[in-house]
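The same chain A turns up in both complexes below, where it pairs with chain B and then with chain C.
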Partner chain A sequence: MSKAASMFRSKKLDLSGFVNTRLIRDHNKRNAFEQMEPERQALRYMIRNTTLPQRVRAQAQLQLSQMHVYTRPTQIKNRCVASGTARSVFRDFRLNRFQFRMQALAGELPGVKKASW
Partner chain B sequence: MFSYTTRSAIGVGKRLRVPVPVRSLSSPSLPNAPSPEPATTTQAGPAPALATGSPDAEQPSEPRVKEWSQRLRALGEDTRLPRSVQAIYSRPLRRKAEYGLPVCDLQLRSYSVQNVEFFADFAIRAAYYLNLPASGPVPLPRIVERWTVPRSNFVHKKSQENFERITLRRLIQIKDGNPQAVQAWLAFLRKHAFYGVGMKANVWEHDSLDVAKSMDASLPEVEKTLRPHLEQFGQRHDNSADRSIFDVLDSDRFAERKNL
Partner chain C sequence: MPQPRLLDLVKAQCRIFSLTFNPQRLRLGNKILRQRLRGPALAAWYPRKTVSFRDLQNTYKPLGLTTFDEAEDDREEAIQIAKLRGKGRPKKKRTAAESRSAKKKK
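Up next is the complex of A and B:
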């Protein structure tokens, strides 16, 4: 199994809207994790199952550690859909704080308005 | 005074009607013939009015439409609106619940008061005409979400801005209604869904105390419908061979999902 990240890249661009190299990379990571999740879970179960022979568990550990980095859930990072920024992204809107402010002031987010209390 | 202003408004409309044929003549409807002469011959109706241009030629001898004041008086005296239309101007009618057994809880959510109030009113009126006793709308607590963001860069943390989103909720409860009528009501509301208003319904169905007997009676039919689904369960023959778990993980069947 080659370790190149290009194996998770789709032939055609399968994202729309704002597109960024880092956004595409994150998207590929999400796809990779989704595809390989059953295998990861099976191996994790084998590693933790004390009734299995020690050899099998060690083998499972090796296999799990040799899987591609992109298949790990920790690789996934929420990114702003409007600017691709990775910092201070609101989960509710999938927007960066700055993009959120601009769109809220422009009235593009339903129900969001300036608060004062 | 009122009739005078309306009459003057009608006069403005008449005067405005004159430039319309002029624009249609000047527009190149016939690209081969840009001159206005063939167009005037084809359009016989408005052309003489344009050619004369005098306002007294346009005035009809007898007004075809009655004055507004006359029409309004006739509407007030001679006719009346249908009762269902009249009911719109008063509070919604309600059926009385006989037993008070809740059947359906409908929650309406919106960010604007007008939308949610209007649609709650609409839903209650629809329930009346479907013979469903409805109670409400009960104003449930508002959901307030607030966000504070810096106005600009990280350095200028002192200057921030607050945003909020307030979700308004209304609860409409249907009591001891026919389940089919409740379904029809919900379908009607979904068909005429109002913009910016979300709906969520909890529906309860009640059965007699002999429900166990009826469930037993319906068991063969349920089993028949479930059989194709249950046949999918169990271990495959080609899977029961003496193979290690790693062979299984590497097998084609397992790798199907990966599509790499």
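Up next is the complex of A and C:
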């Protein structure tokens, strides 16, 4: 198996909105994980099942560790949809704190209101 | 209640609710199989491409219908103005000799 990350890249950009290289890379990782998740879970099951022969479990461990790094869920990082920033991203809005503030003050986020008391 | 009766009860319970009957409490890894797949939710984080004006243009052009793209029109107009001012793009050099002579002039 080749280790090139380009194999997870879509031929044509399938994203709209803000786009930069790091955001596309994260998107590719998400797609790769989605595609390989059943296989990963099957291997994880084999590793955890103590009734299987030790050899089979060791082979499953090896296979799981040799899968492409892009298929790992820990590689996925939530990035801001509007600016691509990876830090302080609100999960509920998929925006980082600055974009959230700007959009909230502009009234683009329904139900969000500046607190005042 | 006697022990075998209790085991039978648990076995029937497992059959009815489709659970794994595991009285020895072996580690069977079934918790992995119970987990839901997270992939679809994770892959849906970024907004996907929707239909754009360019797509409409591409679908209607073969049918002989013309479309008006204001941004594209503005761009072409700006290029025309730049050409008139002598600020257009330089002519494409087709051969190696042409490109060499262009360099020398500088």
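Note that in this section the second predicted complex is superposed on the first by the 117 of 117 C-alpha atoms of A that agree within 3 Å, B and C clash if a C-alpha of one lies under 4 Å from a C-alpha of the other, contacts with A are read in each partner's own complex, and residues count from 1 in each chain.
Here is the rule we use: a contact is a pair of C-beta atoms (placed from the backbone, for glycine too) under 8 Å apart; a residue touches a chain by one contact, two chains touch by 3 or more.
Just so we're clear, the structure is a prediction, and the values are computed from it rather than from any experiment.
After superposition onto chain A, partners chain B and chain C are found to sit side by side with no clash.
With both structures placed on the common chain, the touch criterion links A:Arg30 to chain C but leaves chain B unconnected. Once the two complexes are overlaid on the shared chain, A:Ala104 sits against chain B while remaining clear of chain C.
Shared-chain residue A:Asn78: touches chain C; no touch with chain B. Taking the C-alpha centre of chain A as the vertex, the lines to the centres of chain B and chain C open to an angle of 60 degrees, rounded to the nearest 10. Once chain A of one complex is fitted onto chain A of the other, the partner contacts of A:Gln59 are limited to chain B, with no touch recorded for chain C. Of the two partner chains placed around the shared chain by superposition, neither chain B nor chain C is touched by A:Leu95.
When the two structures are aligned on the shared chain, A:Met46 is found in touch with chain B and with chain C. Between chain B and chain C, the smallest C-alpha to C-alpha distance in the superposed model amounts to 12 Å. When the two complexes are superposed on chain A, the residues of chain A that touch both chain B and chain C are 35, 38, 46.
Interface of chain B with chain A (complex): residues 111-112, 145-147, 149-151, 161-167, 196, 244-246, 249, 254, 257-260. By the touch criterion stated above, chain C contacts chain A in their complex at residues 26-33, 35, 37-40, 42-43, 45-50, 52.
Chain contact summary for the complex, chain A toward chain C: residues 13-17, 23, 26-27, 30-31, 33-35, 37-38, 41, 44-51, 73, 76, 78-79, 81, 94. Chain A makes touch with chain B in their complex at residues 7-8, 35-36, 38-39, 42-43, 46, 56, 59-60, 63, 90, 92, 97-98, 100-101, 104, 109-116.
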